[in-house]
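All chains are identified by letter, namely A, B, C and D, in their written order; residue positions are counted from 1 within each chain.
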Amino acid sequence: MDANELANHVAQEMLAGEGTGPAWGIKIEEAREDYARISMVVRADMLNSHRIAHGGMIFALADTAFAYVCNGANHASVAAQASIVFLDKVVEGESLIAEATEVAREGRAGVTRVAVRAGDGRAIAEFTGYSRTLGGPVVEM
Amino acid sequence: MDANELANHVAQEMLAGEGTGPAWGIKIEEAREDYARISMVVRADMLNSHRIAHGGMIFALADTAFAYVCNGANHASVAAQASIVFLDKVVEGESLIAEATEVAREGRAGVTRVAVRAGDGRAIAEFTGYSRTLGGPVVEM
Amino acid sequence: MDANELANHVAQEMLAGEGTGPAWGIKIEEAREDYARISMVVRADMLNSHRIAHGGMIFALADTAFAYVCNGANHASVAAQASIVFLDKVVEGESLIAEATEVAREGRAGVTRVAVRAGDGRAIAEFTGYSRTLGGPVVEM
Amino acid sequence: MDANELANHVAQEMLAGEGTGPAWGIKIEEAREDYARISMVVRADMLNSHRIAHGGMIFALADTAFAYVCNGANHASVAAQASIVFLDKVVEGESLIAEATEVAREGRAGVTRVAVRAGDGRAIAEFTGYSRTLGGPVVEM
């Protein structure tokens, strides 16, 4: 298994083993070394009182893509910190696509940038995640 | 209605009108001017593949408390940006309590700090939200 | 030496030993356990092209207060991440006061909140710093 | 003047008109539409008490590159919020290079990512800036 296959395998196993991804309808569009692109469709139970997607769900999608990327070498990692800028709103029935790329790594620390866009390409949010590697595998091989 | 009653009324109406709060089992413990304390219980569908609460759900709880606070004067506001530090993990069945306080306001901008703790008092996360007021009411009075 | 005296001693030694604090004219107004309040006066060489204090200098002041606080127990710590919201501008000759409080600690991680105000009390910025303890003392005793 | 020439002209005028850039020895390596790369050399007055570059100065360099980029279309913009992850240390005499790219824009809001590296290519910090356009030009033409 090369680095791209490993990253895809880890992401698929994480999605299968977590409560959140299936509950939110998350689909992995592509996962490879230092990269993942995932999507979900905005549902009524993801809306705030203005009837647009809740910022918490936009963050949750980006954070999920971040987790798949920072664990993709099968070294268990956790999110230590994350920041998000909200740029535009999305309504029920729209797709959200989160595209995550690890942009830096130094020792146990890593930084992953995630762009969240709507299905029509509108920029919805920009997320930055700071991960720390704990040691140990994510998936038993 | 004084400022504390108004803030509580707005928070209750927001919770009743949104898809997320009821879906996540959010309860408002207290809401008053520039302050809200809310809680939820960690469920299986909120866990990541390590069987601890997903960071996205911890953020979503804090972001909900932030939204109640920054809208509490009944001037419609949105989250423009938010940051979170993750400090400890929580497991299924534990309570999470988010305590939000608006710490600064200047023109249309506001900053709200949210401390997230487990039911036993452990510090789980620290969140900072940056809001902008749009104009118009949240709730028709 | 009790915890408050130790924190003050560490802050004074850090200021005396660093290049930046003296270069920026930083004064320690008060330093005690989990808390520091420091100030500086905005000079011409701290202004951006709009003739207001450069955001980098406002951050630098807050980050300095954060460093004094997170090292105050004399366990060497570093800033791993920080976030800042800019709320208002300041001009040449105004004082800036940064008031830092450690609000959470868990294992090697800590979170410090810093409010930056002008001399007349205007809210200028809100900063959040995430520190990690490395081990070893800051100051030999 | 095309968009790349305009961006370079604005950056050069900002550097010439600000107190900070000349005081810190900042050099513009390249400035074009949605992009700037700038550098400075770490001096003794930029060191903290551990004799490494102060986080405030690393942020200040990144924030300067961000300012040049978000103003590059000659629409006056301000930093509303910024976040930074610190990855490695640098010592006196090393160069720091900040490479800034605007990655999203929606209405008055923009997001600029800045990678800070040492002269030998080590990743030192990752910065994300959130700007808001005020209206009015930066430079009279």
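As a working rule, contacts are C-beta pairs under 8 Å (C-beta built on N, C-alpha and C of every residue); 3 or more make two chains touch, one makes a residue touch a chain.
Worth saying up front: this structure is predicted, and the values here are computed from it rather than measured.
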Centroid-based (C-alpha) most distant chain relative to chain A: C
Pair exhibiting more inter-chain C-beta contacts, A-D or B-D: A-D
Intercentroid distance (Cα basis), chain D paired with chain C, Å: 22
Centre-of-Cα separation between chain D and chain A, whole angstrom: 28
Computed distance of Cα centres, chain D from chain B, in Å: 33
In chain D, residues with contacts to at least two other chains: 80-81, 83, 85, 109, 130
Chain A-facing residues of chain B, complex: 13-20, 22-23, 43-50, 54-57, 59-61, 63-64, 67, 76, 78-86, 138
Touch list for chain B against partner chain C, complex: 81, 83, 85, 87-88, 103-106, 109, 111, 113, 115, 122-123, 126, 128, 130
Chain D-facing residues of chain B, complex: 80-81, 83, 109, 130
